[in-house]
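Heads up: the structure comes next, in structure tokens.
By letter and in written order, the chains are A, B and C; residue numbering begins at 1 in each of them.
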């Protein structure tokens, strides 16, 4: 209780401008904005664990719009909404449908008359996902200003082509807990490494989100991937600048072994090369099925050249104290378990398995914190009121 | 606040018998019933906008049974249920399945043990949709009287083959707001006009619902369609009678241009001809796929003869002050936007677009009002209690 | 009100250990455990009927994981969760997917960060369904002990390959009401009989659940089926032992007519033979489509030899007072209604139809009672607090 009161006090020192702003990309948010989300998430987690209900809505909808399938993020979003008192309503569209313009503008309003949030996952098309979210946001702005909507629902990016902020923020919160504080991350080496997977077309949003966020906390980031597996250049460049400014660094290299040396934190994960994703987007938009099959064949063939990019005992041994913190957004492609050869060996994954669960466990409260700060101008006051009200979550 | 108190006072003058009666067709409801729904909807809307939660259920289910796909009505129903404190539970049936008799009787009870409302959309089969709702209602009556159900869930028609009351009532509420009052509608000319669409099999329930409802408020209705695109004759005849009784009129004509002259309100919308829908129902029931394809071909061919039934600048110019209020249940088939040639030109639609959003925005509170009046014998007392309780919707 | 207070007092005499234990099989529960569930269910039912809300959660999720389709149990689970204040979140998996090991362990945790219950139906594969539930439960134990989960969600068996406890407990509660008390069931003859159905692969869990539960209350059970249609031998043996211990008996016979003589209660229902289900499981696991088709053909052919196993007027006439209580988990295969020839004649079903609805009506509160007793150490105290709080379910 005392701890929560102190945390609430600490919030008052932050100058965040999250109120009435969508959460679309971490790099659009200030340092204080990010601290605010982390702190509010921590407080919400503690309230829940102490059986104090942080319900702030007596009714209201949180709309989820998953344009790609999801279990983890879907449940995290539903849990966050429910914790604050909102009911989830899914917007089911035809899969992979690319609606734009009139349809988006209209639908955004039609689903929002009594909605407080819209969470969107749209990570299939490079150059499209984040753009779609902004189209929805603009439509909501218009609807609200024209008196169509009694409130402006907040938009939350549940993964796009550029960023995966609910993931990267949960990952950061996990690091904060594992290392004791954000300050303790300063000077640490984190390796965001490509890893082999027998699959194709995995989005770039996780590695991009990780380097773009972690580069702001004084860490030394090593981004490692086989030649040709680069990320969106602008995001790499941005992360580079941010790393410099925060007193850290960002290096790009092309050997998992080299990269992992003395790493404090490792994030080995597969992704598709940027240029493949670009071609794929064009082929998808053209509906070119043969082209897509050929591209998939090429891509898997290229992947297969890098089977040695597996995070296993011998690579782990190169890291700091032979025990770097292993991270993954899950599910991982585990060699001999979920596939023949994959991103990580079974033994190494098993050693860090519970830690990856703990990592994932921060997502629901991170999303709830994004909601709360988007909707309440003075989160400290709101949380203090919740604490004073002292309503039981479970009787 | 004062305004809400006055509105609640006004309710007391109405002698409605909505309590414990399903909402299946507007023409089964008295004038006072309709006024009651409109007034309760207006009060609920104001309460919500003033952050006063009108939640009346601590728990309970609102079952939705969509036998045809829907986004708008689905969200409206979910919003209404949520506003009053109910959780939505979908009854997913195989699409287009025509269950009757034993199955309906049993399922209606099985889903209703703790349900407060069942919202049904069944608009595919002419002569079947409304009948199905009555089968469900009869099964619920039996279940309640036999002690199977602790309460009799109210049934709400979310669109059938005959009427679309949540749409037409929201449309009426929109007119009430646009023209200032129901009284102001007296003498106004409203044109319910067929319009061209490159699609087939659109239900008749919207035009039927519009003429059957608007004919009760002293308006001059012009129902315009190409020869052969008539509606269910009994509903046209009923609307004719009602128009006469209310001091208005109903005329049928066969030219969009002629009809639109001096119109105050226009509702250009495509629908399938009654006789085609009848044949289609027979073919669907027989499972005659070839017959259905042939019928679709014929119907689209017939439609194509009436491409000139587009509501555009030159038609708009014929209306009162060249600015009749344009209405649509959305989504509209917009020429050059959602189809090559459609119901309305892009420029005209754009001019009235926000107005159509406002129109749609009345649906959630109309449905909530149908629920509240179905369940509470004295809505004025219930709303006064809500106001006195003064519980925040959002903390 | 007085009655509820007395019922709550009566609870205090029971020594149940339901707290923090999953509900997976009735035969793992003590006599007092079962009485506790029945009593709590009865109290919850009365509270709801007297408009007292038994909501104990301000927020929280009840996850449903239906690996086989369901309408009745789905709605019962949703109703129970809703009654206690939880929102339902469905875990949609690919149909008939057999996930094990890593995937189950991980998913169980990923969906449970803010979940209070997980209800699982998995009745397709013999030897797999209950095992799967235990895998989920073990994963939740680990997650909770490792600090991944702030609470250990309770697991509720919504039908597996062995038992269907929410059904059998609802059936027992129905018998309790029909005969006045559990004591009154002592010495009664209940016939669990196979019946003809033109379908294939119906699970064994209902007949197994019925004999394993009813054998504990001093009833004389007759299990009747055509040669070759036996159940899992261990469950029959267990039921035999239990029947002896409770002062009843269990007999197996192979003629519906013989079995039904002087029956007080009859439960005629189709199921697949154990050895067919075993073969089917093997073929499904092997993905042997041809083998499955051949097995289905054989099975339907075998079924067809027993068309005379229909519960009809002439069989009914053999029962006690020609009026044994007819039970069914619904939907029944009714001759001339849902199929040409089926489990029960139309006339007999119609006579007992409302009784089968009443029987089904106990399921939501049975599930709610399983939830409440799993989560609250002292249900009497919790229910007394609910009564004292006296919050209206509907305003």
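The criterion applied here is as follows: a contact is a pair of C-beta atoms (placed from the backbone, for glycine too) under 8 Å apart; a residue touches a chain by one contact, two chains touch by 3 or more.
From a predicted model like this one, the values you see are computed outputs, not experimental measurements.
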item	value
Topology of the chain contact graph, where touching chains are joined (line, ring, star, complete, other)	complete
Size of the rotation, in steps of 5 degrees, that lays the CA trace of subunit A over subunit B	120
Interface numbering overlap (same over half, different under half) for subunit A and subunit C	different
Euclidean distance of C-alpha centroids - subunit A vs subunit C, Å	41
Contacts with two or more other chains, residues of subunit C listed in rising order	87
Residues on subunit A engaged by subunit B in the complex (per definition of touch)	56-61, 63, 87, 89, 91, 101-103, 106-107, 109-111, 113-116, 142-143, 146-150, 375-376, 382, 385-386
Of all residues in subunit B, those that touch subunit A in their complex	48-49, 53, 55, 71-72, 75-76, 78-79, 82-85, 87-88, 330-331, 334, 337-338, 354, 357-358, 360-361, 363-364, 391-395
